[in-house]
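The following pair of complexes shares a single chain, chain A, combined with chain B in the former and chain C in the latter.
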Partner chain A sequence: MKISCLQENLAKGLATVGRAVATRSTLPVLSNILMESDRGRLRLAATNLEIGISCWIGARVEEEGRTTVPARLLTEFVNSLPSGQIDMELIERTQTLNLKCARYEANIKGIDPAEFPDVPTAESLGEPGGLPLQTETFRRMIERVVFAAATDESRPILTGVLAQFYQGGLTLAAADGFRLSVTSADVGAELDETAKIIIPARALAELNRISGDQEEPIQLIVTPTRNQVLFHLTNTDLVAQLIEGNFPDYKQIIPKTYNTRAVVNTQELLKAVKVAFLFARDAANIIRFQILPGTELSPGQMIVAATSAEFGDNVSELDATVTGDKIEIAFNARYLIDVLSVVGTTEVALETSTPSSPGVVRPVGGDDFVCVIMPMHISR
Partner chain B sequence: MSRNMREPKSCEDRPRAILHLDLDAFFASVEALENPLLAGKPVIVGGRPEERGVVASASYPARAFGVRSAMPTSRALALCPEAIVVPPRHRLYADYSRRVMELLHQVSPLVEPASIDEAYLDLTDQIADWEQAVDLARQVQHRVRDEIGLSSSLGVATNKLVAKIAADQHKPGGLTVVRPGQEAAFLAPLPVQVLWGVGPVTARKLADLLQVSTVGDLAQIPEEVLRAHFGRHGSAMARQAQGRDERPVVPVHERKTLSQERTFRRDLAQAEILEQELRQLSEAVSQHLQSAGLACGTIALKLRYADFTTLTRQMTLSAPTNDALLIYQAALAMFRRSWERGRPVRLLGVSGRRLSSLVGQLTLWGGSNEPD
Partner chain C sequence: MPIRLLPPEVAGQIAAGEVVERPASVVKELIENSIDAAATDIRVEISEGGQRLIRVADNGCGIPAEEVTMAFARHATSKLTCVADLERITTLGFRGEALASIAAVSQVTLLTRPASQAAGQFLRVETGQIVRQESRACPAGTIVTVEHLFRNVPARLKFLRQPQTETGHIYRVVTHYAMAFPHLRFSLIADGRLAFQSAGNGQLRDVLLAVYGLDTVEQMIELRQEEDASSPPLSVLGFIGSPSLHRATRDSLAFFVNRRWVQDRSLSHAVAEAYHTFLPTGRHPVAIVLLEMDAAEVDVNVHPTKREVKFRNPQRVFATVQRTVRHTLINRARESVTAFSSRTWPSPEWQRHRTLFPSEEGLFTTHRLAALELYRADKDDRAPGFHPDQEPQPVGPIRLPLLRVVGQVGGTYIVAEGPQGMYLIDQHAAHERVLYEQMLADYRRQEVASQTLLEPLLLDLDPLLAGVLTEHLTTLHGAGFLIEPFGGTSFLLRAVPSILAVPDVRAALLDILELMHQNDHPLADQVENRLMAAVCKRAAVKAGQTLSYEEMEQLVRRLEQCESPRTCPHGRPTILHFSVEQLEKEFGRR
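Presenting the complex of A and B:
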């Protein structure tokens, strides 16, 4: 293999595939990045067997070939180089990659690419088409649900995001047992039938990270074996193992009524919660809310408070439009920060019924998003 | 300058008064308290011989036959055929232990439990004159006997090392006092193994290389020589041989982990049975957490194969819990990922780490009624 490319492009490509590199694997080759010539371009690929990312960068291929090299060393070396052309040549016999850039030269020892697992691409699947999803809409949907998925694997199904397709539209839902986030939108998909898949939340989070520059629609392809999903971007493919099983019935969790509803300015509330979190983070993240209806003379109020036995306490007040009864309820500050950061509307509503029933966060002026957060029980 | 002339407030100069208390044949004594028919008889608390059990504790009448802790029960019964074997009841012992520790707290706030049946107390601030520590120790011994019913052996000295060794000298029911300045002389005739970190291997090395067998012999060896042979450990030995130990008594405020483990009678290799064991261990951890009003943020799994290869894995949960099912699910997920299917397992353990007082994060599906 003899290939030349620009340092900027290689560094960017390595950053794209880098997050799929296995960090703690018993299989040494998974710590490597696959590099191969692919029709006048250089393909980079990495996988941790849960997700795999391939990325193509412009290159001048003088001699075809492929190898795998340690991801960390290669990435750090390339990031240290001046911008300009990098010439790479593989010494086949020793699987050593020779790199030259300006006055730098290195030889990096690789592992036989035959040991590298197959990372499917849209092309290898023979389905360059797939289901096109409007990138901006889809990215915003992902942002609104991924935080609610479980990060521990005690219940694997909850580490996934349920994606339900219906005519033209898509619903995404994620829940970790303490909160649930559901969002729906028209993603412009032309699909006649309904379909359901559970995609690892981590794969969607990575998709959002690598699709910032994507303008064309993202193509979604489910492999013929129905156990993998592939997202095809202009120069990048991300493939992930689908999660098998039945996602819990989340619809029954979303309360249909409430006793108290408070509407506040989203940014003001986010700020008050972040301030309270400074005190709450030493006390299991508990922040307490007092919601007081207004009177003829004064507007309604939302009072946000947190207490740390060791460091002190804090109280913030917000004006609120309150309907229903007054209530006191406590939540994990982290959960509120997660949802308030992605609501996206000027005002937000918090609905609840009792101190131990679910709190529902909804954007005001949109019914495309709802987040249910279970409160914390405070014994006093 | 004589000690009496010193100002009582010069804390730095004043020798500390450290008490070490060791409950005699603790488990066996508790069993005898609970069942008076066992009193005065050779009693062995431990696993059954046919189940590879070992002796956890033996009463003094049993010890007279040579029965010792950690000995296989089968061997203990060979030495003392009339011994009565009682299965251990750890929850009961924990309860007695807690009562003893509470009593000790009434004497001094500085109590460091060293194990379920041992504790250090710093009495320095409770007394004006060092001799009063001896009276206080005697009172403690009487109260543990009269109020709880247990016999204990005590050592009083100026530091933890000497106090512990002193407590070991006259068991059961002894009270051994080593007055300030007498530490080295007290230790001198004792074998070097009484010191911390001196096991059979080090002892043999000391005898072979330096003809040292007692602490007194050891005290004659210059520190540089010990350091040359044993490195940093040599310096520690030299300090101990002089009866010096500056470690403070550290009261323990909170537990860091809560664990349950089980060594199987026979090595197990069947997935369903191991998972069943895992469920029981998880339930026990959950029960202990709940009774202590605690939740854990991390679950750890310990797995020991028949050949003693041991692995531990841990998982941090989204929110602290003491729910048996959530603990089991986490333990099971780790077990399925780490166990080499079919390879015989000798021991399984489940523990809760990062303990916190229970804060009630309510769940979407209401407690254990989770889906899937």
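Presenting the complex of A and C:
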């Protein structure tokens, strides 16, 4: 293998695939990055067996070939090089990669690429019916649900995001047993049949990270065996294992009615919750809300309070447009911060019925997003 | 075979078997006599584990010449006169059997003189018969010499252990009486060597110092009884080991009831209960507990050796001991003697200690001397030029020293350094302890936060666990589980304690019910404690979980604030300490 490319391109490509490199694996080759010539381009690939990322960068290929080199060493070395051309040559016999850039030269010892697991690409799958999704819409949808997925592996199904397609649109839902986040949008997909898949939330979070400057629609491909999903971007492919199983029926969890609805400014509420969280973090993150309907003379109010037995307490007041009855209810501050950070509208509504019934957060002026948060209470 | 009355020597030997079991029993009886004779200096001399010779010499009141021969008669005593006296026994002996029993199985020589008489009496008794009696010059007091113990009882002789073992038993007897009577001076000379000596200055701590050594006494805390206005008065005094001090057997537990060394399972149990969660499982505390109560409240006439007693109100004694020990442990604050503990990393502070106590490096190492000085200064409350504010630790409740996190080993242990060396912390056990104390505090304030589930979870339990759940439903509710019966063995779980907010709450709850079932305990508050311990075990970080530096830092900070940071709620240790000395020694620096 003999390839030349620009330092900037290589550094960027390595950063893209770097997140899929396994950090603690018993398989040494998984902490390496696969480099191979691919029809006039250089393909970089990494996988931790849960997700795999491939990235293609422009290069001049003088001699075809492939190898794997330690990800961390290669990335850090390339990042320290001056911008300019890097010439790489593989010494096949010893699996050593020789890199030259300006007056720097290095030899990095690699591992035989035959040991590297196969990372599927859109091309290797033969692109069977890729589904184009509008990038910007899809990215916002991911942002609105991934936080609600479970990080704990004890119920694997909840570490995934349910993606449900319908005529022209897509619904994403995630839940961790204590909260539920559901968003729907028209993603411009031309799809007749309805289909359901469960995608690992981690894969979607990675997709959001690497698709920042993607302008073309993201192609979604489900492998013919229906056990993997592949997102095809302009120069990058991300592949992940689908999660098998039945996602809980979330529709029945979303309350259809409410007794109290308070509409407040999103940023103000987020700020009040973050301040309360400073006090709540020692006390199980519990923050208390008091929602008071307005009178003829004064507007409605939302009072946010938190108490730490050890350090003190805090109270903030917000103006709110309140319909319905006065109520007191408590929530986990972290759950609220997560959802308020991604609502995306100026105003947000909090709906609930009793101190022990779910709190529902909805953006005002859009019915494409709903987040259900279960309340907390103090046992007596 | 016709029924006959036993000859007196046979009856005597049978009775002796109950009182005189081994050489240590002889020493015990003789010491008790000396104490009852108001002696202030008691010397015990033994040879070959007491089998060849036991000599107890005291400076007590002595026996008048006209009563000497009576002393060896069975049921002869000066300590009681009527049955009513048995109700209020204030002397250690009272049965009038000891000397007669000893004399029945050995050769006894008695030399005694009351201070008021000019000449002493010499008496030699062999297997119960007086063989010689004469006047002799001797110091005031009594010297009893017992030779050839069990020579005429081959069966007993066969059961005697190695002389070293028997010496050990005698050592225990003498030291325990020294603890019970710190104002008396005791010495034990074994085979010509001074094995033990107490100062007799009335300070229990000084006796303990002589018995256990500085290393142990440094870690002992004086018992502080809470105000107890109830009558009849019951006082609990003594010293207990801090949780870092523990032994493999119960031998280091000693109880004295009105200064009588007794063995009582319920008292041992009371102390063990008080140490619950403080000590690693299978380890036993060190404790010297002295109970003082009205003589009428306790019956000592239970067993010939008087090692067992009966309390009129055992529950009260049990509860008072447990409460006092627990109270002292929890409030051990400044007494936790970190001031006396081993040396710190070499530092300017350390240099100052060195210059303060420059000489006498021969007997003690410098830090020991410093510690001893500190201890004395503290005790005398003079403390010239030495005040707690010079100590590296802040004044106030000192539980763990301030630790700096260094890193994590094997995804399981946190490595930290403190002023006294290196510490390894088991992250799971430490987190369990932190959560446990937090949850217990919340529970006491009735402020356990619980998190409602997105969907109520239907639990179909087997009848056994369903029974456990039904029985403890209110306790579970108090701990943050909201569970409703749903007919039969089905239940609806609506909320869980917020620290247990994991996706798989079903498995978590089943685990907890199983743990509660296994640790079924009759006492009510124990159920709560065990439930909390089970919840925390489930909620704590697991071994193998990689923690960020901030997480480790946070965990260590919170552990420092715990009441008893050294063990997890199940009694496993949370923290191992490698002292500076130990490290220096291992690396051959010293």
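Basically, the second predicted complex is superposed on the first by the 376 of 380 C-alpha atoms of A that agree within 3 Å, B and C clash if a C-alpha of one lies under 4 Å from a C-alpha of the other, contacts with A are read in each partner's own complex, and residues count from 1 in each chain.
FYI, contacts are C-beta pairs under 8 Å (C-beta built on N, C-alpha and C of every residue); 3 or more make two chains touch, one makes a residue touch a chain.
As the structure is a prediction and not an experimental result, all values here were calculated from the model.
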Exercise for the section: Report clash or fit for the pair chain B and chain C bound to chain A in the combined superposed model. Expected result: clash
Problem - Partner chain(s) touched by A:91 [first = chain B, second = chain C, both, neither] - result: neither
Practice task
Quick one: classify A:246 as touching chain B (first), chain C (second), both or neither.
Solution key: first
Practice task
Would you check which partner chain A:275 touches, where first means chain B only, second means chain C only, and both and neither mean what they say?
Solution key: neither
Problem - First (chain B), second (chain C), both or neither touched by A:106 - result: neither
Practice task
Considering only the touch criterion stated at the top, classify A:376 as touching first (chain B), second (chain C), both, or neither.
Solution key: both
Completion exercise
Superposing both complexes on chain A puts chain C into chain B at one of 7-15, 43-51, 115-123 or 205-213, namely 205-213
Practice task
Could you tell me which stretches of chain A are touched by chain B in one complex and by chain C in the other?
Solution key: 150, 152, 154-155, 175-180, 248, 253, 284, 286, 332, 356, 358, 372, 374-379
Problem - Contact footprint of chain A on chain C as seen in their complex - result: 441, 445-455, 477-480, 482, 494-495, 498-499, 501-505, 507, 546
Handout entry: Partner chain B, residues of chain A touching it in the complex
Key = 150-157, 175-180, 245-246, 248-249, 253, 284, 286, 332, 356, 358, 372, 374-379
Handout entry: For the chain A and chain C complex, residues of the former touching the latter
Key = 24, 150, 152, 154-155, 158, 175-180, 248, 253, 283-286, 309, 332, 356, 358, 372, 374-380
Practice task
Going by the contact rule at the top, pick out the chain B residues touching chain A in the complex.
Solution key: 299, 315-320, 326, 329-330, 332-333, 356, 359-365, 370-372
